[in-house]
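Both of the next two complexes hold chain A, though its partner changes from chain B to chain C.
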Partner chain A sequence: MATLKINGVEKEFAGGIPATVAELLGHLGIEAATVVAEIDGEIIERARFSETQLRQGQAIELVRFVPGG
Partner chain B sequence: MPETIKEKLGQASVGIAGLGGLGSTVAAALARTGIGKLVIADFDRVDSSNLNRQQYFTNQIGQPKVDTTIENLRRINPDVKVEGHCERLNADNVPEIFGGVDIIAECFDTAQEKQMLVETVLSRMEGLIIVSASGLAGYGNSNAIETRRVSRRHILVGDGVSGIDSSGVLTAGRVWIAAAHQANAIVEVIVDEIKSDV
Partner chain C sequence: MADKLIISDREFGSRLLVGTGKFASCEIMAAALEASGTQIVTVALRRVDIENKNDDMLGAVDREKYLLLPNTSGARDAEEAVRLSKLARAATGINWVKLEVTPDPYYLLPDPVETLKAAEILVKDGFVVLPYINADPILSKKLEDAGTATVMPLASPIGSNQGLKTRASLEIIIEQSNVPVVVDAGLGLPSHAADAMEMGADAVLVNTAIATAAEPVEMAKAFKLAVQAGRKAWLCGPGAVGRRASASSPLTGFLRDE
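Coming up: the complex of A and B.
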């Protein structure tokens, strides 16, 4: 089964998991410039979102920042 | 306050990036708590539109936020050392400015700057813990603002969704709730983790 654990929740992808972090964000409709991504506890820099391959079963934390301070 | 906790806080150095509603409030809370040193940074000046939620006074309008924060913190607690940087932060100067701190608070306004700081700290500043904030605009719904440990070095405060763009307003109470969460998380990490062997 094609799954990723996103922010602690198992998510299934019927057509296979997105190939990269950038594709995952596109799938979720999240703007890359506002996101910090960690895969299995490792930070992924935004500049590497489109080259970072995703693998079945990885735990991904996507922290989306909204403005205000 | 027990001497051991007082000693741990007095030996700690905390970075505060951005001195708006979050940063000016986190700074005041930490100075009152007796943190040894604060490293503060913001490029901006106090504007009349800031006074609805930021810890400045009418006679400080037009002055750099770094200078006014130093002045206000001295009045709160003259024992706290404060190092001020009046400049715009970016991925290159963040590691230099905050290289010596034990923990850092992300207190910016825009989503892009928040992203830049958190990414820079987590990818380029080994071992440093960051307490960031996302989702504190609007009013009411106090209990939706929470503190969450995203990963070992990243603690996130806020409701995650209420931005100034969607909520349309920033109010003192709700911004301060988030700032208080940040200050409280920082004290917890200093006492229980960073200075646990003091």
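Coming up: the complex of A and C.
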């Protein structure tokens, strides 16, 4: 089964995992402009979202700025 | 005459830094930031809520107008703080960070050992580090020696509104510091902020007192005025404090026979 761990939660992708970070964000309906990504502990710059390929079972963190003091 | 706040290689006209947390709405937050006259606003970094994905309260914060200063809140140790800092830098391209390592959930007091450890790593990696610390003059010096851009000692616990509980230590830090001192956390009233500025602090950081006031926009204005008043008082050389009275009216010419 095609899965990725996203923000700590295992997620199954019935149609196969998205090919790239950009596709993953599109699939989840998340605007890329406000997000920074980390795959298996490595930070992925926004400019590389379209070219960074995803692999089965990777742990992905999608992080954004939120209000804080 | 410009009395600018200089942090790293940037100059600021405002000495009031404001946090973006706890506002009831992004409209109120945006209006309060505007009213405060601030030029530096703090933000946090968290996982995108996949269920509520495009709830972006910070969309209202004009990044042309305000320098976004990400904090590393949530970090329990140096490693987590460094990770958050790098994520923040990747998000904006800006290498400024408010270093905050607060593992204790009850008082949110910053861990001095992990903070110093993280600061050393981050400074070496080219970050402009603004470390949040307890009012510890020795730690403050160590951070300055490590190359942080400021020190940010707390007045009292985050969000407590208790005011300048660490006054005596803050005075020592202000006296001894060669980097700007930003009093951060626990300032609950404009008078607290004015007091900090009158002590010689270079700036203050306020969040809860503005965001949770009944009228945040008006409170933001009050803090703006207080910081300006306190700074002016510091610059104008206040008079000495005496134990006894020192008459304000003449001691001669009384309407009586001596």
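Before moving on, here are some points about what is shown:
Just so it is clear, the second predicted complex is superposed on the first by the 65 of 69 C-alpha atoms of A that agree within 3 Å, B and C clash if a C-alpha of one lies under 4 Å from a C-alpha of the other, contacts with A are read in each partner's own complex, and residues count from 1 in each chain.
Note that in this section contacts are C-beta pairs under 8 Å (C-beta built on N, C-alpha and C of every residue); 3 or more make two chains touch, one makes a residue touch a chain.
Since the model is a prediction, treat every value here as computed from it, not as a measurement.
Within the superposed three-chain model, A:I6 lies in touch with chain C and out of touch with chain B [touch as defined at top]. Applying the stated contact rule after C-alpha superposition, one finds that A:G69 touches each of chain B and chain C. In the superposition on chain A, A:E61 makes contact with both chain B and chain C.
Applying the stated contact rule after C-alpha superposition, one finds that A:E23 touches neither chain B nor chain C. When the shared chain is aligned, chain B and chain C each come close enough to touch A:E45.
Which of chain B and chain C touches more residues of chain A is settled by the count: it is C. In the overlay built on the shared chain, the residue A:V35 is in contact with chain B and with chain C.
Comparing the two complexes, residues 34-36, 38, 43, 45-46, 61, 63-69 of chain A contact chain B in one case and chain C in the other. By the touch criterion given at the top, residues 19-23, 29, 42-48, 50, 53-54, 56-59, 68, 70-71, 73, 86-88, 90-91, 158-159, 185, 205, 207-208 of chain C touch chain A in their complex.
Across the interface of their complex, chain B is touched by residues 33-36, 38, 41, 43, 45-46, 61, 63-69 of chain A. On the chain B side of its complex with chain A, the touching residues are 18, 20-23, 107-112, 114-115, 118-119, 122-123, 132-137, 150-152, 154, 156, 158, 160-167, 170, 175. On chain A, the positions that touch chain C within their shared complex are 6-9, 28-31, 34-36, 38, 43-46, 61-69.
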